[in-house]
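A quick write-up on the structure given underneath.
Order as written gives the chain letters A, B, C and D; numbering starts at 1 within each chain.
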């Protein structure tokens, strides 16, 4: 699974993307956040406030309960501020 | 008094402006229209439908009851269609 | 605050420069361009002749601009309206406003465009292949 | 229907030509230009860095444009959004729609601009003289 980070999520985690092998029991975004949060303090800092985060799966916005598979491209980011 | 005509009012009357000496008893726009209507069939044709006409006195929109003086510049025209 | 009533065409990029959006801290600029159409219903338009009342037109446009400036915190504004004989695709009117926030500018530009339709002393004579007729005001 | 996500600046006059307003019988065109401001409240802005999510951004902009086209009879539309490091006065975004009637175009352009704010994957890092901070979304 490819996971991409943007804005202050990227800054706090310290990398802009990574490839992971999705554990079998991690089948939605929320579980993925919990799983990633154990990878270090930067992750924890970036991902702890789940309510403020936004997610996409394969370039479409999804909510935190969205199911995920190992071949998905996931992105995790703060609310967008374009325009 | 200078009177200016625009659009189809100008076309029907056949001139774009004229200078007249305002008779003493003609003291508002409505009376001016009646006075002008007697000047010929073009005038009558242009000015008979008072409800559709618009007026200005010294470059400000006014209504048909507006008082006028001999040194005013009056314009008579159909509703505007700019923009 | 700029008002121009002119025969000549206008260049939008040049006019934007005059608005000086950087200096006055404008985050948003909303522009309306009105053009001569190719067709009116099914009739092919040959030309559009615009007549206006000099002095009064400029005064009315200034009044409209002032009204908008009194209603919204606009940083800059511009109205250019052409007169004379125009052809399909030609520019007729340009309205721009800029402000710190985009919603202000959307409202102000639309307000000016709507006011133009009833308060600016212009009349349009449209010519199709077979006839010429004075356009009637829009019903609202 | 055009969508561009680019580092380079855009030229409004050139983009207008591409819209080809004459051919598609557009009487009205409403344009929004968003720019980097000089100040945010009292803080002088040094730069604005715009990050985006390639592919997703373009997809989202296309979706927004399609939504607008489905809601209103638009003849043509364009969205250009820049990314990278920008400075006060620089263009950020250009949105244009054209249609036979001006009201349609005002509504459609404003709709697209509002949607951009919540659906397009851009993030802005503003730098003032003393600090850098990620901009927060607007409250509505």
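The working rule: a contact is a pair of C-beta atoms (placed from the backbone, for glycine too) under 8 Å apart; a residue touches a chain by one contact, two chains touch by 3 or more.
Keep in mind that this is a model prediction, so the values were computed, not measured.
A centroid comparison over C-alpha atoms places B as the chain most distant from chain D.
For the pair chain A and chain B, the distance between C-alpha centroids works out to 73 Å. Chain centres here are Cα averages; for chain B and chain D they lie 49 Å apart. Here the spacing of chain C and chain D, counted between their Cα centres, is 23 Å. Per-chain Cα centroids separate chain B from chain C by 27 Å. Within chain C, contacts with two or more other chains are made by residues 34, 113.
Shown for chain A are the residues in touch with two or more other chains, of which there are none. The complete set of chain-chain contacts reads A-D, B-C, C-D. Listed in rising order, the residues of chain D touching chain A in the complex are 34, 50-53, 55-56, 59, 81, 92-93, 113, 116-125, 134-137. Of all the residues in chain B, the ones that touch chain C in their complex are 4, 6-8, 56, 59-61, 75, 77-83.
Those residues of chain C whose C-beta lies close enough to touch chain D in the complex are 11-13, 16, 21-23, 25-39, 88-89, 100, 102, 105-106, 109-110, 113.
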